[in-house]
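Same chain, two partners: subunit A is paired with subunit B first, then with subunit C.
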Partner chain A sequence: MADAALFLSDLALGVLLGCVFAVIAHGLNLIWGVAKVVNVAHGEFIMLGAYGAYFLNLWFGFNPLLSIPFDAAIGLGVGVLFYFGFLHRELRGKESMDLQSEMVTLVSTFGLSLVLINTAQKLWTPDNVGIPWSPGYVVFGPVQLPLGGLYVAIVSVSIIALSHVFLSKTYLGNAIRAHSQDIPAAQLVGINPTITASIGTAVGFGITMVGGALLTVWLPTGIFPAMGNLYAPISFVIVVLGGPGKMWGSLVGGLTLGVIINVGQLFLGNNLSLAEAAAFLILIPVLLLRPEGILR
Partner chain B sequence: MNLRSILSVGPTLWGIGIFLVILGGSAPWIPGFLLTLVTGLLIWATLAYSLNLITGLVGYVSFGHVVFMAFGGYALAFGVGALNLHPVVGVALGAAVGLALALGIGLVTLRFRGVYFAIATLVIAVAALYIVLDIEELGDGKGIILNPAVEPLSVFYTILVTLAIEVGVTYAITHGRIGYGIRSIKGDEDAANTLGINAARIKLFVYALSGLFAGAAGGVYAWNVSGAFPYSSFSLTFSLQMLAMIVIGGMGTLLGPLIGTVAVYLPSQVFLTIPLLSGLQFTVIGLVVIIIALFVPGGIVGTLRKYIPEFRGMLE
Partner chain C sequence: MLQLEGIDAGYAGTQVLWDVALEAKQGAMTVIVGPNGAGKSTVLKVINGLLRPTRGKVLFQGNDITRRPAHERTEAGISSCPEGRRLFPQLTVEANLRLGAYAKRARGSADETLEYVYRLFPRLRERAHLKTIRLSGGEQQMVGIGRALMAKPLLLILDEPSLGLAPKTVSEIFQKVRELREGGLTLLLVEQNAYQALRIADFGYVMQEGRIVNAGPPDRLLDLEDLRKAYFAIP
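What follows is the complex of A and B.
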């Protein structure tokens, strides 16, 4: 029965990890869904969120959960700047993204990611840092769960649920959804495309940076300037799995990835690197068979 | 091809050809440290031209080009280390591995367009690292270390010849019949398909060539540093630097990748020697990439063509 217990605890850990993966991908999902733009520098904003939590901890002794509102506020501001700096010129007056604009945003945000990684390395050195915060464990039968991870999972799911409520129940949220579906029609009913798209992008950035802060709970010594190179591909895979623009899609994609990485090890002979490769490569069959994502 | 058509290839190809011949002819007299610098420049130029084939000409942005380079390097390291091949044969092996890999990856990923292709290639490059970490013959996570008995001149000439062939191939496919197909795919792939252009086949052909040259360049790189190591070979920085080079030089042009390589590589090396600036080279490169992507589409070569009419007929 030891195997079953191991399976259960790996599954539970995978679910917890999946929740935090979901929230870091969620910001990308929003921006992708609203502005139809893929932010290649996404991983670097996760990194900035993580460093935000780290410095708040270093200076004021905040734990990662307390730093959420601050990271969110910074993210909103950065998102507005990002929209007007990088996207406005390409999106203004257009009814849909063409391939040319897509290429411009891909390449320019890629330049941004180079700038952010290397400035961070110069400012904060390439060394790993971490936040010493471990609130203990909670035991359910054979399964032992880290309490920090549990809190983070709860917060992550609430953030995704809240963003779903925001987009489907409030006026502003409906405007953002209308804008993402049909820009000329949204303009006809009096929705200002610039304001809606910039707010959507700002919310996406806020969630991304909060995701970075939440991720630090899982990384006791894993905050470093180039961490985006790992978490950006993870976010891309999650968003494509769930389907860009679908709010619950990030949760489905995140859970899929978290479970594959944690449970996959058991079936691949306790081999973490193969499980991670499998988690990434699942993107290919999904793109081939269900390009619109797992969710309908 | 008769003599006249060879002579009338246009000033750009002539210029690059003369540049490479002069470089090749003067190599034995170039001092050691400078030769190392030039060899590095040529390796990067080969990589930039290779990415230019698929991203510049066909318009498919690839973030995972490093995968061909890394496997080319591993092929050389394995061939030279375990099979005792001559390094030049190892480079050929690297090119063959790059070609095979590009055919396999391209068959699947070239079905995706735009960002989906970019993401699929990125993800494959990340996954490839995790797979290599687990292969015992490739040294697990430690990589393969070769005897550092490198003759700088033979490395130099190998990469010079590879680059010359690559530039020739780029010229041939842009000016041949397939060039029309490539341009039409870049303009509008669906329209190209309706006109009877076999877009899937053309894309795969160009991607395979691109993989071939990236594999060869990776082989030379591994030969030059005497080994292949997982974390440094698969570093996404390589893909990103290649992309920065062609964006700055001018995507889809014949001269652009070379200009871009010079513009990115030489300043980076200068930055490395100044302690205060060391590490900031990519910040500057990134800023330049942002500015060029947003405000100067076409890069250096495109801008020269746009504003100086005399260059329009000469530069391509």
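What follows is the complex of A and C.
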């Protein structure tokens, strides 16, 4: 009986955690789709988002939810810089990434990732920090849920829904989707590819950094410069599971991973890396059976 | 309305077009015919801005647009349905069409133009909320032409609208193209289906191996003995 309750609450926690994973993966998915680049430094932008929330808390006493607009604004700015610094030269005037450009962006984002980790270690030390914020618990039968996690899950789902509305109901959003599906066709209907690619990348970074801020609720002492190494792989698995370019795929993939990792740790003895390995294992059959992701 | 002067162009150092000159007159339908690989689509890319020529000029309404990027040309009134249509596969028919009106000159009247496109192709209204990958080839071609029309073009460019379609659908598409021409639209059409295309055209160009090798009114081109043999496949 106690075990069943434990399982249930791990399941529920997994769902809540999965919502945050979904946001982080959603950012990656957008960048991948619109900029055609696999951002190897993805995890480091999650880390920056988390530190953003940490310092806003340290200096101004903001809780992680309050830091969202600030992280989003920083993320948008960073995204624009990233686009013009790393991608514009490689993407300009091309229908798609060629092998050469793909290699260039892989190597340069890999370099960026190392630079960011090392700079963060210099500036903020390699030690773990965390945000003391615990708004209490809510109890559903045998399951006790942290309110912080619940709020963050609601915000996460709202962010994904909001970006869905932006991408499907506005001219600019539709142009970004058009760009990610066919660049020359997008140009032919009058879309300026530099605008869609840079704004799409910026929104992707904004969402990624906000995801980093939201994640801190689950990391009482888990903010540190190399934390990206734990969460970037999860994002990649989610994007592949949910299907690259599919917005709701991020949510479904995120929930799946949240549950697998949380319940996995129950059986694998609280070991995040081991649970992650399990997540990668389930990816293999999915890739074999449905290379386009679990959603139709 | 549109002139090409002495255009050389190519891909990654391989020259494909040699000294191409042509004109599309206001209110007329101009057709470019020629065998596979002649460079017809490449000419269209030079016109719509997807490819920069290495030499020569592109003039639209008297303005030199050779260096203008593709999206600005759409804004100026050149609208294309490219080879293979290139729809946005994951978007619905209606989303594809509405994106056609992305240019500022067309956005304000998108609702009316959409209604016009649906009257031209009633089948698209029924399919409005399907993703375009779910459509038949003929329906996809209609979306392609419709999307190009949504930009309220002054010059409409169609690259092989009949490609890969059943004969009955081909006639249907040609009928619509003729209607557009009768409505006063300026058209530039590329077709391998040379016979059918020349029959509804006002002026024709014949391309071969990257050069314009013949030009004239359609009846004269249709009469040329060697062209008949070469690829009109008519006795």
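Note that in this section the second predicted complex is superposed on the first by the 284 of 296 C-alpha atoms of A that agree within 3 Å, B and C clash if a C-alpha of one lies under 4 Å from a C-alpha of the other, contacts with A are read in each partner's own complex, and residues count from 1 in each chain.
Note that a residue touches a chain if its C-beta (ideal position, glycine included) is under 8 Å from a C-beta of that chain, and two chains touch if they have at least 3 such contacts.
Being a predicted model, the structure only gives us computed values, none of them experimental.
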After the overlay on subunit A, what do you see for subunit B versus subunit C, clash or fit? fit
Looking at A:102, would you say it contacts subunit B, subunit C, both, or neither? Reply first, second, both or neither. first
Regarding the shared-chain residue A:58, is it in contact with subunit B (first), subunit C (second), both, or neither? neither
If you stack the two complexes on chain A, which partner ends up touching A:280: first (subunit B), second (subunit C), both, or neither? first
Return first, second, both or neither, reflecting whether A:154 touches subunit B, subunit C, both chains, or no partner chain. neither
Of subunit B and subunit C, which one touches more residues of subunit A? B
So, A:162: does it touch subunit B (first), subunit C (second), both, or neither? neither
Between subunit B and subunit C, what opening angle does the Cα centre of subunit A see in the overlaid model, nearest 10 degrees? 90
After the superposition, pull out the minimum Cα separation from subunit B to subunit C in whole angstrom, please. 16
In the superposed view, which residues of subunit A touch subunit B and also subunit C? none
For the subunit A and subunit C complex, residues of the former touching the latter: 168, 171, 174-175, 177-178, 181-182, 184-193, 245
Contacting residues of subunit A [partner subunit B, same complex]: 38, 40, 86, 89, 99, 102-104, 106-108, 110-119, 121-122, 229-230, 233, 236-237, 240, 271, 273-274, 276-277, 280-281, 283-284, 287-288, 291
Which of the residues in subunit C end up touching subunit A in this complex? 48-50, 69-71, 74-75, 79-80, 82, 86-91, 95, 98-100, 102-104, 106-107, 147-148, 150-151
Could you please specify the touching residues of subunit B with respect to subunit A in the complex? 59, 61, 63, 108-109, 111-116, 118-120, 122-124, 126-128, 130-131, 133-134, 236, 240, 243-244, 247, 279-283, 285-290, 293-294, 297
